[in-house]
Amino acid sequence: MESEYAVQFELPAYKGPLDLLLTLIQQEKVDIYDIPIARIADQFVEAIRHMGPMDMEVTTEFLVLAAQLLYIKSRDLLPKPPKNEQGQVGEEDLRQELVERLLAYRTFKQAAEVLEALETSSGRSYCREVDVEGLLADVIPEDPLKGISFDNLWKAFCQVIERAEKGEEILEVEPDEIAIDVMLADVLRRVLLHPKGLRFSLLMRIGSRMEMVVSFLALLELLQVGKVRAEQVTILSDIMIFPTKKAWEFTEEESI
Amino acid sequence: MLFRERETAALEALLFVAKEQLSPELLGEILDLDVPKIEELLNELRDRYNVEACGLKLLEINGGYTLGTKPEVARYVEILYKQPSHALSNAALEVLSIIAYKQPVTRGEVDFIRGVQSDRALATLVEKELVKDVGRKDSPGRPILYATTEQFLLHFGLRSLDDMPNLEVGLLSEEEVASTAE
Amino acid sequence: MLFRERETAALEALLFVAKEQLSPELLGEILDLDVPKIEELLNELRDRYNVEACGLKLLEINGGYTLGTKPEVARYVEILYKQPSHALSNAALEVLSIIAYKQPVTRGEVDFIRGVQSDRALATLVEKELVKDVGRKDSPGRPILYATTEQFLLHFGLRSLDDMPNLEVGLLSEEEVASTAE
């Protein structure tokens, strides 16, 4: 019972019923194309009996193959039925299929051995985990303002002032429909950009009569709520309009 | 032919810091050298690493290059990372060999060839990033198809899938595997 | 004393893969060597890297060791990881100028002055570290206040914000502003 002992001993190594079957065939040193089914089937069943408690699903797979082997064995033992094509084909098919499965399995089992050898001989290389941020920590980031002079910044600011001076595209709207709150924002924006004062005459942009009237109304409104203040040093000098501290006190919603 | 030392140093540094493999084309672009010259420098580097006292290795994967440690010193790296060993179990190796040679394959196809369920081994392989999900098979149930990854090539020291040892294929035809597996 | 090649290879591999510096003690533990021997191997490695064709360098930081690239090849590493830098948009420049002159200001205030939304431009400036969040305005909604950063001053060679050319000091007189506007 040499083989039985070996089976018991090597049990944990079996990777499945085909592996077990292949091992038995190899131990018996028989040709895979000419398996002595009766003997091998008995050994297979014996091996399963020694398996003990195993994962149910795995056991099932062993039992399925065991049943198949026993079936082929029984067909072998039975006297050959008369030239009944049905039966003949059935048995040959079962054997043929089993051999083919075993051959395919053996091929991949060998491939797995080749991979295992590769793993030890040329594999298991470890690469670095590259910390890009760490690498670039000492690198001075490119200046986002590269090529930008203070003059450029100043020009950008002038653009803002210029746009504010032009006002919103009011001319596209019917002049008599200038909304007071649009003009209010417009006037306030221009005053804000001139903390040192904006001349009243400059503030009153020469546009349509309606535009002048509405901006004047807006200015009065701003004076009344205290967002701007007006100064006239002498009777004949220009009236200067200044933003007050209150000028910034508009709610964020107004502009967003 | 002059051996350019500075360029070799730069090449080595680039391979050292790169997150992924670098193609000879990209290396050439950065170093301002043509591809044959880059290949020459890569050979210089490979030769330099080929002494026993060197723990590094030039790895070529799918035409790109990177640096890695030599297989001979793997166990020390494994000690450092307190990983018993990255070596795979027999079952995992079987599943992996089937996927490697038959990719893309479904789990059902692998199970059929092995005659046993392979879900646990497959999960390990996916976790180790040796195989990955590459889509679904256009058949009933639309099962997931698996294929090997670049990590697979790295783990076995293969330059590409073409580097895989030849296998006597065709013992089981595709149709048979497919028909029984579903 | 015999120069141990295999140990040097293992040492190099360990330094190569380690995420942090390794102390001679830990290296000794993994390689089963005493600290003086480790130091000796580290010297071997340092000498080996000391040739021009080598792009790597043994770095000692706080008594621990790691591998890095040589300063001579740093510029190639920078090329590999260089982010394509985009010039600041006109909108960003406008927002920057408003913040520079009116700081601290809220986004709403900037929007109001420009007459258009400035969120994207503002986000770019924050990301590029030209402006920063300096607190919240004591008004409804407690909006964030923005001001320019040190980097901003540095770029324009300003020691402080007081150095900023004064808007009102005749850089552009009222009349000029007005005339441009017409």
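List of remarks:
We call the chains A, B and C, going by the order they appear; numbering starts again at 1 in every chain.
Basically, contacts are C-beta pairs under 8 Å (C-beta built on N, C-alpha and C of every residue); 3 or more make two chains touch, one makes a residue touch a chain.
Only a predicted model underlies this, so the values are computations on that prediction, with no experimental measurement involved.
Of all chains, the one whose CA centroid is most distant from that of chain B is C. Closest chain to the protein centre (all Cα atoms averaged), using per-chain Cα means: A. Inter-chain centre distance (chain A to chain C, centres taken as mean C-alpha positions): 26 Å.
A straight line joining the Cα centres of chain B and chain C is 35 Å long.
Each chain gets one centre point, the mean of its Cα atoms, and the points for chain A and chain B are 23 Å apart. Residue positions of chain B touching 2 or more other chains: 16-18, 67, 69-70, 77.
Across the assembly, chain A contributes residues 126-128, 132, 135 that each touch 2 or more other chains. In the complex of the two chains, the chain C residues touching chain A come out as 13, 16-17, 19, 74, 77-78, 81-83, 85, 87-88, 90, 93-94, 96-98, 100-101, 106-109, 111-115, 117, 128-130, 139-141, 143, 152, 155-156, 165, 167-168, 171-172, 174, 177-178, 180-181. By the touch rule above, chain A contacts chain B in their complex via residues 13, 15-19, 57-58, 61, 65, 100-101, 103-105, 107-109, 111-116, 118-128, 130, 132, 135.
Touching chain B in their complex are the following residues of chain C: 3, 5-6, 8-14, 16-18, 22, 30-31, 44, 48, 51-56, 67, 69-70, 72-73, 76-77, 79-81.
Touching chain A in their complex are the following residues of chain B: 16-19, 57, 59, 66-71, 74, 77, 86-88, 90-91, 93-94, 96-98, 100-101, 113-117, 154-158, 165, 167-169, 171-172, 176-177.
Taken in their complex, chain A has these residues touching chain C: 126-129, 131-132, 135-136, 139, 142-148, 150, 152-154, 156-166, 168, 185, 189, 192-196, 198-199, 202, 248-256.
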